[in-house]
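Across the two complexes that follow, subunit A remains constant while its partner is subunit B and subsequently subunit C.
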Partner chain A sequence: MSRHSGISLFLMELVMMLAVFVTVAAIDTLMLVKANNLSRQSENLDRAVEYAVSAAECYRATGGGARAGMTDTGGAWTQYFDKNWQSTDESGAKFAVIMTDTGGGAQVTVNDGGESIYTLSVKAAPNEG
Partner chain B sequence: MKDNGIVERKPVVGLVTLLVIFASLCLTILAVLSLSTAKYEMTLARKNADAATAYYKADSWCAGVSDELYSVWMSGGDLNAAAAKHGGKCEKTAEGYTISYVCAVDDARLLAVTIDAGGSFSVVSWKTVPRTEWTADDSIHVWTEQDEQEIEQAQK
Partner chain C sequence: MESRSRATGQLIWILLFFAFTACVIAALLQAAMVYNNITGVLNDEFSIHTGLNYVQSRVRSGDSGGGVYVGKFDGIDALYCLEKDSDGEYTTIIYGYDGSMRELYCEKGAEFEPDAGEKLLDMDSLGFEDAGSGLIRVTCASGGSTGSIYIASRTEGGGGA
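== the complex of A and B ==
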């Protein structure tokens, strides 16, 4: 009788702890997924700022984006990147750096899919003479 | 021991609980540390992005002022008034004028511009400077006999 009650107590503990572990594991997995997403977002933002600043400096220096590796598409300069920020063509692109001339200046926008993740405005280099 | 010689072992109650608590604690600590690191990374990335945006905003403003001063210089207008309009200074030199003005980038930085408007109009400097003066602390506190005596007196 006492052996049976001991086994049932052990089984009850096992089931309860299994439930606790599953719950904790589920919460922790959610936290890890969120951490991974945040980490990816921050890396993308860092890269976006890096390429936007590069395009802006190129615009200031040359009045265009060709020297920054961008392609002139008539009033705008574009550069495409895949998910690992490797330069690619438009068809396989996840990120797009688009610099548009605003007349005396330029606006650089970095898009992730169709969504803008970073925008920068730059004015042309001051007149000298 | 039973009559047939088989040893009867009682199931160990509590061991599973301890193991699960330990594993859960380890998992939770790992997840919390990962999440807090990722949050700090994101905060840093946002600060970096904000700093770049603020710099180019100030840079655009300074370029606009410079273009305006250039137009005034080209037309032979009053550079003093044009500089003063934007909070700048215009000093007369032997060769013409030196104009300087600043724009706040953020709480800690200023974008300082100096323009030489003499025979030609050229940017002499275009740089970020700290907003407050930095005072260097060049004193070194060396342990002296006097310090030791003061401590001894305090202990007494």
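== the complex of A and C ==
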């Protein structure tokens, strides 16, 4: 009788300890998933800066964005990307790089699903020659 | 009868034990995968963007009198940054070789092998392309990711290798 209840108590204790461990592991996993999302956001921001800088540099050199692979839409240049930053058309786009002529300069905006994640202003400067 | 219900009670505890153990293993495996993914992405992005930013800052610092231009160094695409000193002309050559970004500082025209350069960053490949109109296209690849930027040189290069 006492041997059986001893085994039951031991199992109960073991299960309770595991329950605590599972709770902690679940919290830990949630934190890692959040870290993973932050790392993806950071990667997207890096890419956004990369394409915005390229567009701005092309504007400085040529006065437009065609050299950076952008499409002229009349006073603005656009380029669309899917979630893996592969060039795509507007319908399948997650990210959009939009460069707008501001008169003597341009503003480059990178949107993630309609929300701006990076903006850069560039002024056209004459070459030193 | 009493021993049967006791056995059932113990069986439930044992099943719970295995269920929780399976949950713990699943949670730990998932966490390990997520951690692995984060570190992989961070390492690749670090190499690519540090490399691109480094090249960009080198172009900015040496961009005068056509001192920055794209050329070939022993058949490899390379970026040349010329410097004039009272002693003579020196050049910094940046190129990708043997899985890393390398930099070689030497007298202009001196002959060196590609492995003479100092290793700066590990990356799969590094490419330079003269895109015309004073634009230099720099492409870095690491761990399956590729990054590329255009850099406008204020003074068009071509100072000669």
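Everything below uses one rule, namely that the second predicted complex is superposed on the first by the 126 of 129 C-alpha atoms of A that agree within 3 Å, B and C clash if a C-alpha of one lies under 4 Å from a C-alpha of the other, contacts with A are read in each partner's own complex, and residues count from 1 in each chain.
Quick note on the criterion: a contact is a pair of C-beta atoms (placed from the backbone, for glycine too) under 8 Å apart; a residue touches a chain by one contact, two chains touch by 3 or more.
Computed from a prediction, not measured in an experiment: that's the story for all the values here.
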First, second, both or neither for A:Asp46, with subunit B first and subunit C second:
both
Please indicate which partner A:Asp82 is in contact with in the superposed arrangement: first for subunit B, second for subunit C, both, or neither.
neither
Quick one: is A:Gly105 in contact with subunit B, with subunit C, with both, or with neither? Answer first, second, both or neither.
first
Would you check which partner chain A:Cys58 touches, where first means subunit B only, second means subunit C only, and both and neither mean what they say?
second
Have a look at where A:Ser121 lands relative to subunit B and subunit C in the superposition and call it first, second, both or neither.
first
Applying the touch criterion given at the start, work out whether A:Ala68 contacts subunit B, subunit C, both or neither, answering first, second, both or neither.
second
After the superposition on A, what does A:Asn36 contact: first (subunit B), second (subunit C), both or neither?
both
Which partner chains sit in contact with A:Ala25 here, subunit B, subunit C, both or neither? Use first/second/both/neither.
both
Just checking: does A:Leu14 make contact with subunit B only, subunit C only, both, or neither of them? Give me first, second, both or neither.
both
Do subunit B and subunit C touch any of the same residues on subunit A, and if so, which?
7, 14, 18, 21, 25, 28-29, 32, 35-36, 39, 42-43, 46, 53, 125, 127-129
Within the complex, which stretch of subunit A touches subunit C?
4, 7-8, 11-12, 14-15, 18-19, 21-22, 25-26, 28-29, 32-33, 35-36, 39-40, 42-43, 46-47, 50, 53-54, 57-58, 60-62, 67-68, 125, 127-129
Complex contacts: residues of subunit A adjacent to subunit B
3, 6-7, 9-10, 13-14, 17-18, 20-21, 24-25, 27-29, 31-32, 34-36, 38-39, 41-43, 45-46, 48-49, 52-53, 56, 105, 118, 120-129
If we count contacts the way the header does, which residues on subunit C are in touch with subunit A in the complex?
6, 9-10, 13-14, 16-17, 20-21, 23-24, 27-28, 30-31, 34-35, 37-38, 41-42, 45, 48-49, 52, 56, 64, 131-135, 147-152, 154-156
Of subunit B, residues touching subunit A in the complex:
8, 10-14, 16-17, 19-20, 23-24, 27-28, 30-32, 34-35, 37-39, 41-42, 44-46, 48-49, 52-53, 56-57, 59-60, 62-64, 66-67, 70, 120-123
